[in-house]
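Have a look at these structures, which come just after this line.
Across the two complexes that follow, subunit A remains constant while its partner is subunit B and subsequently subunit C.
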Partner chain A sequence: MLEARLEQAQILKKVVEAIKDLVQDCNFDCNDGGIQLQAMDNSHVALVSMSLRSDGFSPFRCDRNIALGINLNSLMKVLRAAANEDILTLKAEDQPDSLNLTFESSQADRMSEYDIKLMDIDQEHLGIPETDYAANITLPSAEFQRICRDLSALSESVSIEATKEGVKFACSGDIGNGSVTLRPHTNVEDESKSTKIDLTEPVNLTFSLKYLVNFCKASSLSPTVSLCLSNEVPLLVEYKMEAGYLRFYLAPKIGEDE
Partner chain B sequence: MASPRVFVLPAGDNDGDVAHTLLTFRHPNTAAPTRYLLHHPPATKDVDVDVDTPFLYEILKIANPVHGARSWLITPDIPPLDIPTDVVRDDDPIPEADEDAENPDADTEESKDDNDNDKEDAPNDKTSLVIKDAHLFITTPVDPLYLLLAHLSADKTSRNFLSLDDLLDGHPASATWSQILTRHPSSQKALAARLLLICDTVSAGDETMYRVNHDKLTNLLISRVEAVAKALPTSLTNHINRKLSKPLSAQAAVGTWKRQAPTNPTDGIINDKELEEEVLQETGESADTATGDTQDAADAQLRREASRLNLNEDESTSTPQPADDASVTQPPDAPEDLLPPPEIQYLASLTHAVQFMQSYLSPALYTALEKELHTRHPLDPLERYQEELKELRAAATAAMDMSMAHTKRTIEDLEGGVTKEEAEREKKRKKKEDDAKKSVGVRKLEKVNTRGMAKMTSFFKKKE
Partner chain C sequence: MGIKQLYQVISEAAPDAIKNGEIKNHFGRKVAIDASMSIYSFLIAVRSEGQVLTSETGETTSHLMGMFYRTLRMVDNGIKPLYVFDGKPPTLKSGELAKRTARKIEAQEAHEEAKEVGTAEDIEKFSRRTVRVTKEHNEECKRLLKLMGVPYLDAPCEAEAQCAVLAKAGKVFAAASEDMDTLCFETPILLRHLTFSEQRKQPIQEIHLDRVMAGLDMTREQFIDLCILLGCDYCDTIPKIGPTTALKLIRQYKSIEKVIETLDADKYKIPEYFPYKDARELLMNPEVVSADECDFKWEAPDTEGLVKFLVGEKGFNEDRVRNGAARLTKNLATAQQSRLEGFFKVVPKTEEELASLKRKNEEKAAEKKKKAKLDAKAKKDSKKAPRGAN
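On to the complex of A and B.
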């Protein structure tokens, strides 16, 4: 059986909020290490991988591996009933038909309880190898969100060009073209507002902006975001959490450089 | 104890002294043990029963329709309130049998069959009864030949002449047969009479010996199929005809714009000739023709179709052709015009009728019968007709799409098919339902142009 108590309901809320527009149904794989999730979007060009380690919960108990097949839209409906500061507890049996969620308000004496019906989802897991990317860019997540939003007004796709001088997001569309260039800099007061570029070789790849905008919904999870690029492999967009991560992978657009 | 069940039993003689015994035989088609009802005079009486009186009955379980009665309410004949008899919600109330719920589980339980006289006795019994099992068990006479056939036509038995006793002795269910003969002695005569129909006989002393004659057997079976085909229930013939009738739209289309469509000139000539002939016929015949239908090109088209099928264009066909009526509009409820020719109807009925025989014959016998039936009544005209019909329907659908959009609904409702429109709507509905589960974002993302983007599976390999 699974019993996992999360001090802050907002963590799960934000995770689900971030991926529910990418994936419709998916399995939450629970084991003694925590809760993991891996799913692709309907077009299979993007992949989301989430991990909440068991130490992020207090307590966390999972006797045997359980896959909770959930419609994320339904889960979101229930999670909206939770306040950000509520204590959230997930409960499921070993062969569960439903997932039980309770929200406890720490201030008021209020406890709400919901059950979500589960479904059988036949999902295959992809093995994602550890990759040494040619470019590792860390920037404030709000900055990345803004760039994606601004450029998506002009075009469907953006080219991300990482050089020693900086990283350039450029696009061109029917009404014209535009670009945003970030140079690496360090903010002494607030580390999270720095932009860092680790480069082994220059990269220039093109990606669908609609997908990137979608990934940016996870911005509230973390003040910074890492973009990892290499030629011929998917872009990795990673949001680190206190006890886990939310990673998005997106296939580059090839042969469409106009 | 088993719960009571409702049976409709064969009526007894006037004195009502009749007993029933349940017997078990292997089902002639499925070989599964099946219960049959032996209807026989009680042992105390020695009645000489007519050879033609059926004595063996099969038990048919009538399943209650999903929305029909779920249980039986059995009430005395004179209920305290004036409740109509159809409280059981059966289309065909069965007055006597209602009171006669038997326990069929006791294999040889004998029970009195009540007859019409029982109505007078019933008021004494004021208790009502609700029976949970809403099935109705109907017993119908069955020809004992069917139970014997498999045995008769087996290699071993069919080679030699055998006496009736030996025949029954050799039968796998010989014990049951001897039970029949002891309980109902005169059934032996009846059996012998039935056997005569399908067997060659030799007399050996005062005993008659039987050997199955396959020609006789086939003749008998085919004559049965033909009889069934002629006596199919109206609901079934209607169903067959509906399936085979020409599309209503074909008629309408022919009646309206299709006439202007380029047609084969030869067709027109035949058409005219036929019309004239039919007019002559019409004047020659008296006005006793019952279905005074409007004559128009559609009818002529039908006849033309029939004659093209090399069918004998019998002048006694039911639709007369009054040529004076020039009205083109057809009453939508005149499907007689669209019925297939009687020859075709008969062939279709035969193919349906032979299917009924399937449950009484072993598979081998059934295939043989089917084959023989088709050599005697070749199916070619029916097949050709169906081909023709297919084309006609396709043409009608095409015509309708262009010109009859506003009448589509009624026509297709009458023809009882699933329309393209409906299928499309169904598809849309399903898609909508599917979409309802997706979030707006997922739906939006599906529309994103993913040209030039490789699938994730081409980068990451599946985990074992």
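On to the complex of A and C.
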């Protein structure tokens, strides 16, 4: 059986909020290492990979590997009933038909309990090769969100060009064009407001802004976000959590040169 | 056309082989389309008030209308279509073709009669049955495709077989046809309903050959023998053998030879002319051009040429044609969104997962059967009841 107690319900709330527009149904794979999730969007352009390690829960118990097939919209409906600071406990049998969630308020003596029906989901798993990316960029997640939002007003796609000097987000659309350039800098007072660029080779790739804007919904999970790029491979957008991560992969747009 | 009842057999034995999805899920994919089949369906479906569309001079334009707009729909959704036309029919098909001709003539007569005495509904019904794809239709469609910048190929023989070869060699993602026999030609993926109109709201059906084979638990030879028993274009069937019996027989005896050996000759009359060996040969080794020799590319449309042909000769609306040409140009020029499968490979399922999937499928099938039985029983009982009351 599975029993996992999360000190702050908001962690799961934010994760589900961030991915529910990308993926409708998916399996939460539970094992003694924690809870993982991997799912592609319908059109197979983006992939979500989430991991919550067991040490992020107290206590965490999972005797057998269990796949919880969940409709994320239903899960969100239930999670909305939890306050951010509530203590959340997930419970499921070994061959479950439903997932039990309880929310306990830490101050008031209030406890709510919900069951969600599970479903059978036949999912394909993708093997993601370990990659040494040519460019690793870390920036404040609010900054990344702003860039994506601003540029999405102009165009459907953005080119991300990373060089030693900095990283340039550029787009052009019917009404004109625009670009945002960030140079590496260190904020001494607040490390999370710095922009870092680690580069082994310059890269330039084009991506759909619609998806990037969608990924930015995870901004509240972490003050910083890292973008990892290599030419001709999918972009990795990673939000680190205290005990785990939420990663998005996005296939690039490629020009017609066959 | 196609294999009788094969879809039902697959949907029962291998439900996970069939997936339904939206057309936009297939963006960025190249697809080989059975053109002859599509043109036929356009002639039947693209109509107004039951009549084929014609230009001012009375020439049929349904096929061009269908070809132009349905191809645009695919291109708008990021699909790259490649059309494949039928070559000469295999000689074995002559029996089937002769039957079709006879049916057409019959329908033609019925149509004439209906015109005199029948209702409008009858006229429409018989008029659809008289539809034939002529050489002119094919030539006009090829001319249209050339102007649109969409490539096409001439198959040496059956178009489905050629589509399958291209898909198998990885030159295209899938073969698109309504014909289920495309599966016999080993296309890894078959797409159906791709050339349907937007308004029909039909999902695009994806059939995966490997899962069909796993679900049926058959080799390709056994699968083809099953198709022949079900009824293909090349060979008659044995009377009284339907899908259930055919599946059972092939599963038990593994080949038509063995089936015939053990078959109760009194109950099942094997047709005198039953060239199943030739049919098998045709399905196993169809006459095709190897994929390496097929060269095709998508080009910019010839807008002025399109206007001249469709508007000048066929009386299409000029604004719509120009708009369509603009869409073709735009979709060719913009950077294509790639798919994740191009970079990350699907992890094959473990034995354990496969076993559990199979078990689940069997459970589902059993449940369905049970339910069907119960329904049938309930129906029977409800029929009985009033009789008992009398």
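Everything below uses one rule, namely that the second predicted complex is superposed on the first by the 255 of 258 C-alpha atoms of A that agree within 3 Å, B and C clash if a C-alpha of one lies under 4 Å from a C-alpha of the other, contacts with A are read in each partner's own complex, and residues count from 1 in each chain.
Just so we're on the same page, a residue touches a chain if its C-beta (ideal position, glycine included) is under 8 Å from a C-beta of that chain, and two chains touch if they have at least 3 such contacts.
Quick caveat, the model's predicted, so the values are computed rather than measured.
Colleague: Clash or fit: subunit B against subunit C, after overlaying the two structures on subunit A?
Modeller: By the criteria stated at the top, subunit C and subunit B clash after superposition.
Colleague: Can A:214 be said to touch subunit B (first), subunit C (second), both, or neither?
Modeller: First partner only.
Colleague: On the A-aligned overlay, A:24 touches which partner chain: subunit B = first, subunit C = second, or both, or neither?
Modeller: It touches subunit B, and subunit C stays clear.
Colleague: Output check: A:249 vs subunit B and subunit C. Expected answer is one of first, second, both, neither. What do you get?
Modeller: both
Colleague: Could you look at A:43 and tell me whether it touches subunit B, subunit C, both or neither (first, second, both, neither)?
Modeller: both
Colleague: Once the shared chain is lined up, is A:122 touching subunit B (first), subunit C (second), both, or neither of them?
Modeller: In the superposition, A:122 contacts subunit C only.
Colleague: First (subunit B), second (subunit C), both or neither: which does A:234 touch?
Modeller: both
Colleague: Looking at subunit A, does subunit C or subunit B touch more of its residues?
Modeller: Comparing subunit B with subunit C, the partner touching more subunit A residues is B.
Colleague: Tell me which partner A:71 touches in the superposition: subunit B (first), subunit C (second), both or neither.
Modeller: first
Colleague: If the two structures are placed on top of each other, which part of subunit B overlaps subunit C: 58-66, 310-318 or 328-336?
Modeller: 58-66
Colleague: Subunit A residues touched by both subunit B and subunit C?
Modeller: Touching subunit B and subunit C on subunit A: residues 40, 42-47, 124-129, 208, 233-234, 249, 251-256.
Colleague: Inside the complex, what are the residues of subunit C that reach subunit A?
Modeller: Checking each residue of subunit C against subunit A gives 16, 21-22, 24-25, 27, 297, 332-333, 335-347, 357, 360.
Colleague: Going by the contact rule at the top, pick out the subunit A residues touching subunit C in the complex.
Modeller: Answer in residue numbers: 40, 42-47, 120, 122, 124-129, 157, 206, 208, 233-234, 249, 251-256, 258.
Colleague: Of all residues in subunit A, which touch subunit B in the complex?
Modeller: Going by the criterion above, the answer is residues 20-25, 40-47, 71-73, 76, 124-129, 156, 208, 210-211, 214, 233-234, 249-256.
Colleague: Within the complex, which stretch of subunit B touches subunit A?
Modeller: Contacts found on subunit B: 437-442, 444-446, 448-457, 459-463.
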